[in-house]
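Down below are the structures I want you to see.
Each of the next two complexes has chain A plus one more chain, namely chain B in the first and chain C in the second.
== the complex of A and B ==
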């Protein structure tokens, strides 16, 4: 009897330790500039921790450093899923400081911003190759999804065999076309949402728990 | 036949790089070959493209080389990657990825994609 009790205790301790040591999954939020990645990251962080991750802006490359929010507990259907959110700069193959001059920026500020943006994109690529366990790929559903950057990034994510969810953002806008996004990446699940308005967030959290839990 | 050295004012140089030439290079050598050509204002066409990992490094290295009024990055276009169903299980197991896809790369300020679908890439190339 004592032997069985001891055995039960040992098994219990081992399983407790196993679950306790399970580190949160690092989920990278990727996508092109101005897709609404930071708005989504802030929405998730606010909903589950009460804090935001970073400032949102219409000016491209507002996020120029990967920002991390650790230990976000998402509860779904009686289960709790803990993730670290990594909000990454929008990925592109080109950055021209002159584009920022159109946003009422002085040349020096535009050059500084473009330099920071290039460093941020390089950092985002490094995170993708080394440091994320799953990816939320955010697309502006009012824009053409068939771009080279999207094709390349999805290819990179697939080659690393990372779980990926495609989020078709900005469904609150009239020009939103979720089906076009779904057609562009038929091998992956597409979830429509408006991170700004908080539309369809229940399904968003269901899918996060399902894919990354 | 001797190589000729073009006058850069005459037009745009296009380098078509064969798959066999790229196959003999390491990843960084491929990226250097591409970026050196593009930074000289050339359009580089790869017969067989890059692997996803190499594409990721190409973006990263490109970002480190962007400088104001000199180099604003690259424009890159390729056909969508062939379905992985084309690969055998052994190929995938051994990491032999199918990368055979024509890829066009040029300076961002000189090449503009006009149209792209699964069968046609149409681009406008201008001089510096």
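== the complex of A and C ==
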């Protein structure tokens, strides 16, 4: 009897520990190219770990491979939330090397970059299917949010019933229109921010803890 | 042999089902695709040195599509039926020459539809042949496995969308049937693209992506080559059956 009791106790201890120390949620940062995903990922990573995730650039498709930062502890209201951040390449339905030629790039480099960017989109979509527990969807609030890509991706995320936060980025720019973003996705919470300037990051972290904690 | 195990180098014909459960020899689950004529055994491996090989007549976009229906369609809710489904619709399919064992002719045609040899040759010369992906008329295709399929106008079935695609300089096509329904064929071509392609190479450096298809597929594209070659990773679970 004592043996069984002990066994029960130890099993219950193990299961308690399993559930208590649940794996960190893997949060994918998704969105179209040049929305500021890497800037946001870097901001979060720097704020809480001191390291950056990857280089930021105004050239589209700077991020061509998903990059991960694991074990980012975000403290809110006395409790700590641990997430893994996955910064993904911008998702788009067309990649054209010509758009890189405007950025002082040689044609060969532009073509290579285009190919890598395309692979990156494939990778991002693969991760969305396989490997994320929640999504931060970053939009440039100076751009029209009603695009095919946005609609499709949000639709996929909804179909997977993943928790999602919409981040209306670039609020530091004059043309920013957060309301337009909120109107585009009324079923989801929209958080305004400037990842570049660090504006409204408190609310950003509150919402991350609330949604993904 | 279009598919090759990246581990042991074993090759498989296009449409082979053997690879679906991993390489029978070594169990590897990474394969690279090398479009080629059905009878040619060109370069054994897909190293990039062969990028502009004119032999790659069936160079195409990335349809990571050995035979997805068996394993992948089960959880596919959003896209139309895959290979097998299309074959069902395609009632006139009997006249097709068998492109490769186990591969639906519609599938092979659809895949060959995308990039023709002029674009592939241009991959070296960098002549973006067209703005519109359509009019790249390149009649100089060697007798690869798929072009003959596409060039069969007689059967009058939808898969002869190929002539329509290349119709601008149609001189070398026997288009008596092809002209008949160009708009239908355009429509069909679009449907085929929608169904089969996850990444379409319009020209070197220009891609169109079918996000839903990329999302739906279990296979994961690792790298692209300009001539339509690609490397995919198939899920481990494919080897479990």
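Operating definition for what follows: the second predicted complex is superposed on the first by the 194 of 213 C-alpha atoms of A that agree within 3 Å, B and C clash if a C-alpha of one lies under 4 Å from a C-alpha of the other, contacts with A are read in each partner's own complex, and residues count from 1 in each chain.
Criterion: contacts are C-beta pairs under 8 Å (C-beta built on N, C-alpha and C of every residue); 3 or more make two chains touch, one makes a residue touch a chain.
As the structure is a prediction and not an experimental result, all values here were calculated from the model.
After superposition onto chain A, the partners chain B and chain C occupy overlapping space and clash.
By the document's definition of touching, of the two partners only chain B reaches A:158; chain C does not. Once the two complexes are overlaid on the shared chain, A:92 sits against chain B and chain C alike.
Touch criterion not met for A:168: it reaches neither chain B nor chain C. Shared-chain residue A:118: touches chain B and chain C both.
In the superposed model, A:72 makes contact with neither chain B nor chain C. Legend: residue contacts after superposition of the two complexes on their common chain; A:129 is shown touching both chain B and chain C. The single stretch of chain C with clashing C-alpha atoms against chain B, selected from 19-27, 145-153 or 199-207, is 199-207.
Within chain A, the residues touched by chain B in the first complex and by chain C in the second are 91-97, 111, 114-115, 118-119, 121-122, 125-126, 128-129, 152, 156, 159.
Note for the complex: chain B touches chain A at residues 51-53, 55-57, 59-60, 62-64, 66, 68, 72-78, 80-81, 84, 97, 108-109, 113, 116-117.
Chain A contributes residues 91-97, 111, 114-115, 118-119, 121-122, 125-126, 128-129, 146, 148, 151-152, 155-156, 158-160 to its touches with chain B in the complex. Within the complex, the chain C residues that touch chain A are 78, 126, 198-199, 204-212, 214-216, 220-224, 226. Within the complex, the chain A residues that touch chain C are 91-98, 107, 110-111, 114-115, 118-119, 121-123, 125-126, 128-129, 149, 152-153, 156, 159.
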